[in-house]
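By written order: A, B, C and D. Residues from 1 in each chain.
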Amino acid sequence: MVKPIKPNLSIKLGALDLKNPVMVASGTFGYAQEFKDFMDLKKLGALVTKTITVKPRQGNIAPRTCETPAGMLNSIGLENPGVERFLQEKLPFLRKLNIPVIVSIAAEEAAEEFVDLAQQLDQLPEVSAIELNISCPNLDKSRLISQDADNTLEVISAVRKVTTKCLIAKLSPNVTSIVDIALAAQNAGADALALINTLGGMSIDVHKRIPKLGSWVGGLSGPAIRPVAIKMVWEVYNKIKIPIIGMGGIIDLDSALEFFIAGSTAISVGTANFINPKTSLEIISGLEQYMTEHNIQNLNNITGRLKACKD
Amino acid sequence: MVKPIKPNLSIKLGALDLKNPVMVASGTFGYAQEFKDFMDLKKLGALVTKTITVKPRQGNIAPRTCETPAGMLNSIGLENPGVERFLQEKLPFLRKLNIPVIVSIAAEEAAEEFVDLAQQLDQLPEVSAIELNISCPNLDKSRLISQDADNTLEVISAVRKVTTKCLIAKLSPNVTSIVDIALAAQNAGADALALINTLGGMSIDVHKRIPKLGSWVGGLSGPAIRPVAIKMVWEVYNKIKIPIIGMGGIIDLDSALEFFIAGSTAISVGTANFINPKTSLEIISGLEQYMTEHNIQNLNNITGRLKACKD
Amino acid sequence: MSIGQLQAKIISNQKLAGHYGHLEFDSALIAQQATPGQFINIRVSDAVEPLLRRPLSIHNVQGSKVKIIYKIIGQGTQMLSAKQPGEFLDIIGPLGNGFAYQNLVQSKKAKSVLIAGGMGVAPLVFLAEKLKSSQPLVLIGAKTKNEILCLQEFKRLNCKLALATEDGSLGFKGRVTDLLKTILEKTYPEVIFSCGPQAMLKAVASLALKNGIDTQLSLEEHMACGLGACLGCVVLTKNGYKTVCKDGPVFAGGELIW
Amino acid sequence: MSIGQLQAKIISNQKLAGHYGHLEFDSALIAQQATPGQFINIRVSDAVEPLLRRPLSIHNVQGSKVKIIYKIIGQGTQMLSAKQPGEFLDIIGPLGNGFAYQNLVQSKKAKSVLIAGGMGVAPLVFLAEKLKSSQPLVLIGAKTKNEILCLQEFKRLNCKLALATEDGSLGFKGRVTDLLKTILEKTYPEVIFSCGPQAMLKAVASLALKNGIDTQLSLEEHMACGLGACLGCVVLTKNGYKTVCKDGPVFAGGELIW
């Protein structure tokens, strides 16, 4: 038997090259510093920051998280130091890691804030890509940007005008047709899609008769939502051309593979970072081993490669 | 201490009286016969049949179910004997139970089928209510009726014209705004809402690289979706006047109470029937005990009684 | 005959060689009613992981004792293997329609062949016991030697045995269905009873068809309710879809559309 | 000081009276670095139920041994109580900022009061050990007698002890904070260290404030990451929201906004 060649894990998101397709999801990895003591951050394919806004945000009242069957709810409310302090206090550490840093941004009031933030970040070489969080369920808005195709098109188009960096649109699963939104994002010039943000959810303490979250409703994440995410990735994959960053309940190599096979070019580990912070690194090494064993040279031999039926 | 009075578990859905608020969900209890050997069916508040169509339906190809984290996917595809054989072969047994029988109906092609079916059922005294399944994810349609407020209004209005029976609209959670759909159903004259049907989902066997369901995508049910269902019940409860039948991951008294507190007048046990067929009966007795202990006389002292915040 | 949901006390639960286990529990209701080919549906965890019950064939009964044998392949069977004697198992059963064998019970001469692939031996020991007066011929196939199970049990029932392993480590080298082919050149059974992987059952069915022999095949499908209520576990037959859990798990080979 | 994620071997895991347990594991990394008031985050199951880790205070350390005591209140602590010696626990720690006590270590006269409510004794034994030269006064309160924990351990450290039970079954009848009130009429400590239910901590804080005494309070919040990454476990302070897991769990009472 011939010695198998080392597999190539690198992928492309628009103009951005990643040495491997495994990243950590916004809001679940802080600003990386919190994890430095016990894992080699340099191995990550990329890192997405907690979502940043123009002004500092206090976030929502406690409790902000609760456990649900095979999942969790959160209502952090985009607590963040604001872009200025982010650049001063958080970015320097990230720069030193020498891995692609994807900065997630959101608008509190006006969509212009996206443009403002994108303009500032566009200047910075240490920022590899910008992720537009148009899907955070924890802003007390009646409707999210990514719950409306026109708004999605509008906002992304506006940002597209002010930056040449890789632009990622993060979409909400709380829609009637994820494909409509995905198409709007693609038409607006997004380089990639991040699927999915959390599902709207709520949980009640029946003994106290109070919501378990201080702000009543929040976002559901974890293994519980994986089937929902897989379906959306698969449906979108069949209708669009830009790459998909798949996420939603990834906890190990098999669940990561599920996302690749469903059509993801890259994957993102979220809630699992809380349970086993090394999940992303284990997926990277597991993926390399898997590709070697099955003699798979490139990830595009896995992405979207779902067999028609069992035989 | 005064001896507590026996609590009153009865509720009303439109003109329909139920001796208790616990029913079994469509498609998860067959036609009841399958459970007669080991539980006292007469204790159920009501019973919802598997969805019936005008013509017999073969249903989807196997496999039709798979397990997911704290949930399951199904793609049964509304297999049923058709209304004629249902009336001949299934209804007689149900009649003998002397409990309210709610017949779930769906249309395969044209919305008129709903009217046709409703007209036939309207004649029958042994049918207590009609549930319109306008939310089955397992018909290969691009969009479900209950994913569009206008279609929802139209279909329910048409059925409302031909029957005076209690009319229940079962809604899909796969929408941008469940409240919009719920309002349309109320305006169309529905007597109650059933929330929620399954969430669209998909799961892949990564070793075989095939979908775990023969028809690729299906509906997610079980504890995993409970937070999604609770949020929708709560949101709808605050915007409409007609009663809500809450369901989605109910497995015991506590999860049932969660639905009542969120705003349900009645609850429905689905997937749990597969795990512990006695779940519904245990909830009924548990509920009675709970109300006695807490000296709660009527269920409307629980329904929607969420405290503003913890103190 | 009536189905029960019961808390059955575990009498013993032993690990067998490899990833196999052997569990005995006490249930008069199931033991008295069970027929070969029927199964039970076990709740292995009272949490929500794993969510669904696990279907397992009734391997044998003795007085009020019911035996099952299982292969550890995932979380559910893993948890099952960890159960201790004295613990109680939440079981629903007996379920489904077993093998149609009654017409053979009295017969003194071998009229039947039993063919097991891998774990397929599970329901066939119970059947062999019922048929022992006619000394049925039992064929067991597996990938390799140590996946051939229940040899001793079949011997105790003095069945005639023929074995096949794909690696030739025991008995005939090759598929058990190839072994069957050679056997059918000499003997001419009335019925073939079989349980095992779908591919094998399919091969058995077509072989039998060629030779005009009836088959009784025990199928497996993913199950949710196990009661015929969810319509989840269907197989396609000449009379449309049928449920493996209620109409089956045993079907006449001629009825199935592969 | 660095946080580790490690597989720690369980040395012992004993059930105490009532719904309590006492677990010892081996971890030089944690034992050597841990300070009183810090905690660890334990993964009690490698399945997805329960999903999140469980935070538990470091009760004491001895050589490379780390002790925790826990109350069984739900699925996670239930599973923890079932762990066997020899098994390995996936632990992240030591986590958070403990009590600020260094300035008292050398002191020979009692300058501090430790107040525990219920399980609040957990981190205070470790603290009492560090402060033993100054023989701190330890107040323990609970609903009833058998919820008063760790008496012997505090005695071994020859702390002065004062107990309060709401039903009067042991010591002062009433709230431990009422007991504190009477005590503050006589003694005048520099610092009050406390751990227990939020309502109690709040009462302690306001009492101390009235008497111009500093407080070091160990708080609890629902946690997801335990690392300061998710911003889930916040409490409101005069400097905005702070994380219990990283900025705390110990806060100066004066800093908190109740």
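Going forward, contacts are C-beta pairs under 8 Å (C-beta built on N, C-alpha and C of every residue); 3 or more make two chains touch, one makes a residue touch a chain.
Predicted model, so just to flag it, every value in this text is computed and none were measured.
Peer 1: From subunit B, what is the lowest number of touch steps before subunit C is reached?
Peer 2: Step count on the best path from subunit B to subunit C: 1.
Peer 1: With centres defined by CA atoms only, which chain is the most remote from subunit A?
Peer 2: Of all the other chains, the one whose centre lies farthest from subunit A is C.
Peer 1: Distance between subunit A and subunit B based on Cα centroids, please, to the nearest Å.
Peer 2: Each chain reduced to its C-alpha mean, subunit A and subunit B end up 34 Å apart.
Peer 1: For subunit A and subunit C, let me know how many angstrom lie between their CA-based centres, rounded off.
Peer 2: 47
Peer 1: Distance between subunit C and subunit D based on Cα centroids, please, to the nearest Å.
Peer 2: Distance between chain centres, rounded to whole Å: 56 Å.
Peer 1: Touching at least two other chains at once: which residues of subunit D meet that condition?
Peer 2: Within subunit D, residues 48-49 contact more than one other chain.
Peer 1: Please set out, as single numbers or ranges, the residues of subunit B touching at least two other chains.
Peer 2: In subunit B, residues 69-71, 222-223 touch at least two other chains, as defined above.
Peer 1: Connecting every touching chain pair, does the picture come out as line, ring, star, complete or other?
Peer 2: If you draw each chain as a dot and join those that touch, every dot ends up joined to every other.
Peer 1: Within their complex, state which residues of subunit A touch subunit B.
Peer 2: It is residues 68-71, 73, 143, 147-148, 174-177, 199-204, 206, 208-211, 214, 216-217, 220, 222-228, 230-231, 234, 249, 254, 257-258, 261-262, 305-307, 309-310 of subunit A that touch subunit B.
Peer 1: Tell me, which parts of subunit A touch subunit D in their complex?
Peer 2: 27-30, 34-35, 37-39, 50, 58-59, 61-67, 69-72, 74, 76, 79, 222-223, 251, 271, 273-278
Peer 1: Applying the document's contact rule, which stretches of subunit B touch subunit D when the two form their complex?
Peer 2: 69-70
Peer 1: Give every residue of subunit D touching subunit C within the complex, in rising order.
Peer 2: It comes out as residues 47-49, 75.
Peer 1: Any idea which subunit D residues touch subunit A in the complex?
Peer 2: 2-5, 43, 48-53, 90, 92, 221-236, 240-241, 246
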